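Below is one structure, written out as structure tokens; the observations come after it.
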Amino acid sequence: MWRAIHRLGSPAIFYAVAGRLQPWCWALAIALLLAGSLWGLVWAPADYQQGDSVRILYVHVPTALLAQSVFVLLAAAGGVFLVWRIKLADMLAAAIAPFGALMTLLALVSGALWGLPTWGTWWVWDARLTSMLIQLFLYLGVIALRGAYTAAESGARASALLALVGVVNVPIIKFSVDWWQTLHQAATFSLVRPPSMPASMWLPLLVMVAGFYAFFVALALTRTRSEILRRESRTRWVRERVARTTGKAAR
Amino acid sequence: MGAGDADTGLATAWAATLGRELRRAGRRRGETLAPLTFFALVIALFPLGLTVQPERLAGLAPGLLWVTALLATLLSLEALFRDDHADGSLEQMLLAPQPLAALVLAKVLAHWLVGGLPLALLAPLLGVLLALPAGSYLPLAVSLALGSASLSLIGAIGAALTVGLARGGLLLSVLVLPLFVPVLIFGAGAAQAALVGGAFGAHLALLGALLALALLLAPWAIAAALRIAING
Amino acid sequence: MGAGDADTGLATAWAATLGRELRRAGRRRGETLAPLTFFALVIALFPLGLTVQPERLAGLAPGLLWVTALLATLLSLEALFRDDHADGSLEQMLLAPQPLAALVLAKVLAHWLVGGLPLALLAPLLGVLLALPAGSYLPLAVSLALGSASLSLIGAIGAALTVGLARGGLLLSVLVLPLFVPVLIFGAGAAQAALVGGAFGAHLALLGALLALALLLAPWAIAAALRIAING
Amino acid sequence: MSFRLEARGLDCERDGQRLFAGLGLSVADGDCLLVSGPNGSGKSTLLRMLAGQLPPQAGELAWCGRVLRHGARALRANLLYMGHAPGVAASLTPLETLAWYQALRGERGDDDARLAALEDWGLGEGAGIPAGQLSAGQRRRVALARLTLTSAPLWLLDEPFTALDRDAANLLEERLSAHVRAGGAVVLASHHVPALTVAMSRLALGESPRPDEVAV
Amino acid sequence: MSFRLEARGLDCERDGQRLFAGLGLSVADGDCLLVSGPNGSGKSTLLRMLAGQLPPQAGELAWCGRVLRHGARALRANLLYMGHAPGVAASLTPLETLAWYQALRGERGDDDARLAALEDWGLGEGAGIPAGQLSAGQRRRVALARLTLTSAPLWLLDEPFTALDRDAANLLEERLSAHVRAGGAVVLASHHVPALTVAMSRLALGESPRPDEVAV
């Protein structure tokens, strides 16, 4: 098990494995997203109270969940990089941070768009919304800190440390609805309770969530691979690989 | 090898200095965006600290936005001359055969272009978060654009005076905050007037007059301050 | 000439570091007093920018005081490691045969003693300006004293991460302001609760818990950040 | 007491440029090593690595045979490192600066000894004024006064002759020789070849094609 | 064209300590003056005064016979001053830095000439990367490349040999000689006595009891 992890930690091996996984992930992501969109946006019923605006749910919830998961992954990768100095972890972190920021932004925007018809305002300063906004700034900080250092290695370590410190915000987002009485909806999915939505709504939602996660995995694989190529461009295995593919093309 | 003329090529030097500043700002995008992020962050802090109802927030919005924009400008001022001083470039600029006031103006212009102007453009967006009505967006942005230019000019005097000092940042605040007060009063006044549907033209005209005055006087003051501070 | 033991004299080193910081702060009194002046000045700006009636000002006072105290702390953080880094003393501290986390804690303690603590004592005075009723002075001061200690600890992480960077000041704000939010919420919450006559004990307990957590974790994070940043 | 700092297979790459690879060296009591090389060849980088400040991309350091995890305290307790910046705070007086450096090593010391050290380096008058008001060379002398006071046996000095006048440079050369003779060790990065009265090995960076075999 | 910078009766006191009093000197085309003296004797202070940066407590400067009010432009148009800090911004590339320095004198110049100057100083490869990633000596070389490009006839250099390796120091000595031979003038503060092929006068601060009479 330990050896397997270390083997995967080698960029060359990860590059090859990810290359094989990547098309499957993309295919799965596209299939799930298509199915989920059709189901959620076309076939699922409109809400009796909210009308068609409820369909924002199918974008809002997956992006909100991803925004948090990506940060946790970012912090985990940071920890691995700082402790064991596995470069691959940092390449992964560099590859996924902008995507996490984008998801956070999308969750905020979709939430705001949804807020206008349901709460009558774009924005309120409730705990969940605020902690989500903070999350966006944490992402921006992690990204900016990496770029601010001239030495790439130091920038990577600094942003890993910040991700580790900033991860405390994730539980705050998660539990904000329980700790403070707020406007925002409490969790729908739980391991111990049945969902509080009708199945015709939460089933397509589940498909959308799965689709977004598959999309994330596919994108992470692809971006990490290109990050590997960029950073390892001078190592032997990359040069050999490039020689092989260009040789093939020449033939 | 000639003892050349003193005042040739001011245009070249001016354009090169402006270009240099913009290039430096572009090179460290993270740091250039920091005033904007700071602006947005502090605006997010106020509702958390104040715990007021949304409808009352709108009434406070122009003042909060203005005070925060002022603080963001203040913070970004500290770096205006600091690096140049540390690496010796500032000394070289003082020794250039060009009017120092002109060169300094190029630096301040660059500061406003990457700081104050984007701040003014961002303000309406944050206004949304503070439940500001749409009608007051334009006056808010215009007042901030005009006002932040004055703030950059005035603030640069303070930045120049404190450039050689460690912990200059805070001393700088203390020096320039009182000078910022007139700009704040007219600027926030314009935005507030627009909010309650009043006439904001007079406030904006006053802001413009302040800017003209600052443009006339500040460059000389900055130049003089730099010549003093360099021997700190 | 012996290859000596590794962990002798931590107490000596710790006390000397604390003493050194306090002495440095005392030597430049102007700069040490600057956070207080900033605090007072910005509090004076708000009534100008906000244009609200005095009786409504009192309701805003705890929030304004807290946000401003937070900003004052933020501003003073930048200098925490900057000079030591520039003149090479920081590098020497990293090379000392002592646990870096402990030495760093001495620096943060000094920062709080000359910054956060006086701020907490000054706050009730400024509360008078904002028409705050007398009953809420004590909870305000206590919440600020507890809270600013957490702010110093958390902020020092950001200061360490940005120490080698030019224009670190603003980036620092962007990094640490999000982390300040929980402290602000509970701190301002305590002061606000006291104002409306509610129970503020729970809030203060939470602030204390935050401080304990920060005391446990922050020194390690600061030390790690410094070791990274020194190679900037 | 005898000691030995070893570096094995150090690799250093900065911004895609290989500065050195597979560099090994060993410094023990009574050794003096001069690191030389053209500008940008990696002298400062190597000294920072030896001090445990900069983690090498590959390779390891060992102190008295025990491999060190980054910057371990066993090494630091025996080390005096002086970089390009002298480490003299502008708002403190030379006496206060020296006292702090002693305390960092857990030593109390006393002001008389510190004053004597400063006088030794020609700074008797400046001992009580903030170092910000000293000239470049005077500040460097304050830092060098640590050499007189410290009990650390291994000295890593990065261009210590910067800004020194002839007298101070002579004094420094004398002190280095005396330290090595008394069983200490010195690693020195400098463009100036000091005139020492003890044997001095040389490590030239950026010139020799294979620096691997260099050892003291 | 001929020129002459004169200083008459310069007094300098810092923190109650008299560094020099009634100091007079004169530098004209074809002159080279080495300012030497122990640490803290006032070399840097004197150079800053000659550049018009630091107003003297007493005395005056004259350029080509005309007395200068502090830092007047007639002097600055003909001056290249280089202090302890090299004046190379960390976030700009050497090429950009040089272009700015040319523009400050109102000259456009072109990148080919700048690249040639950098190559001259052994920095061909580093020309396009931010200077923050260069070593101490490399940054100093960027500053020195200004000497190749500038048209200013009077150079004031404060310890220009700092951090330079042997090659660069030789090159600098060569350049200084050539400049003086071509009718320029150089004032140099340094602890290192450069090997020039032209006549060099010396001004020793802090040693001779009456430095008033020194003149070139």
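In this document, chain identifiers A, B, C, D and E correspond to the written order of the chains, with residue numbering beginning at 1 in each.
As a convention for this text, contacts are C-beta pairs under 8 Å (C-beta built on N, C-alpha and C of every residue); 3 or more make two chains touch, one makes a residue touch a chain.
Treat the numbers as computed from the prediction; the structure is a model and nothing was measured.
Asker: Which chains are shared contacts of subunit A and subunit D?
Answerer: C, E
Asker: Give the chains in contact with both subunit A and subunit B, ordered by label.
Answerer: Common contact partners of subunit A and subunit B, which must touch each of the two, are C, E.
Asker: Given the contact rule stated at the top, which pair of chains has the most C-beta pairs in contact?
Answerer: Comparing chain pairs, contacts are most numerous for B-C.
Asker: Using mean CA coordinates as chain centres, what's the subunit C-subunit D distance in Å?
Answerer: Each chain reduced to its C-alpha mean, subunit C and subunit D end up 35 Å apart.
Asker: Can you give the whole-Å distance between the Cα centres of subunit D and subunit E?
Answerer: Centre separation, subunit D to subunit E: 30 Å.
Asker: Take the average of all CA coordinates in subunit C, do the same for subunit E, and state the distance between these two points in whole angstrom.
Answerer: For subunit C versus subunit E, the centre distance works out to 45 Å.
Asker: Averaging over Cα atoms per chain, report the distance between subunit B and subunit C in Å.
Answerer: 26
Asker: Which residues belonging to subunit E are in contact with no fewer than two other chains?
Answerer: 84, 90-91, 130, 133
Asker: Touching two or more other chains, which residues of subunit B qualify?
Answerer: Residue numbers touching two or more other chains: 28, 30-31, 34, 37, 41, 48, 83, 86, 166.
Asker: What are the residue numbers in subunit A that touch two or more other chains?
Answerer: 130, 134, 137, 140, 144-145, 148, 150-151
Asker: Which bits of subunit B are touching subunit C when the two form their complex?
Answerer: 28, 30-31, 34-35, 37-38, 41-42, 45-46, 48-52, 59-60, 62-64, 66-67, 70-71, 75-76, 78-79, 82-83, 86, 165-167, 169-171, 173-174, 177-178, 180-181, 184-185, 188-189, 192
Asker: In the complex of these two chains, what residues of subunit A are touching subunit C?
Answerer: Residue list for subunit A touching subunit C: 82, 130-131, 134-135, 137-138, 140-141, 144-145, 148-151, 153-154, 157-158, 161-162, 164-166, 168-169, 172.
Asker: Residue numbers of subunit D touching subunit E in their complex, please.
Answerer: 14-15, 37-41, 44, 84, 122, 126, 129, 133-138, 140-141, 159, 162-169, 191
Asker: Report the residues of subunit A in contact with subunit E in the complex, numbered from low to high.
Answerer: That would be residues 150-151 of subunit A.
Asker: In the complex of these two chains, what residues of subunit C are touching subunit A?
Answerer: 157, 161-162, 164-165, 171, 174-175, 177-179, 181-182, 221, 224-225, 228-229, 231-232
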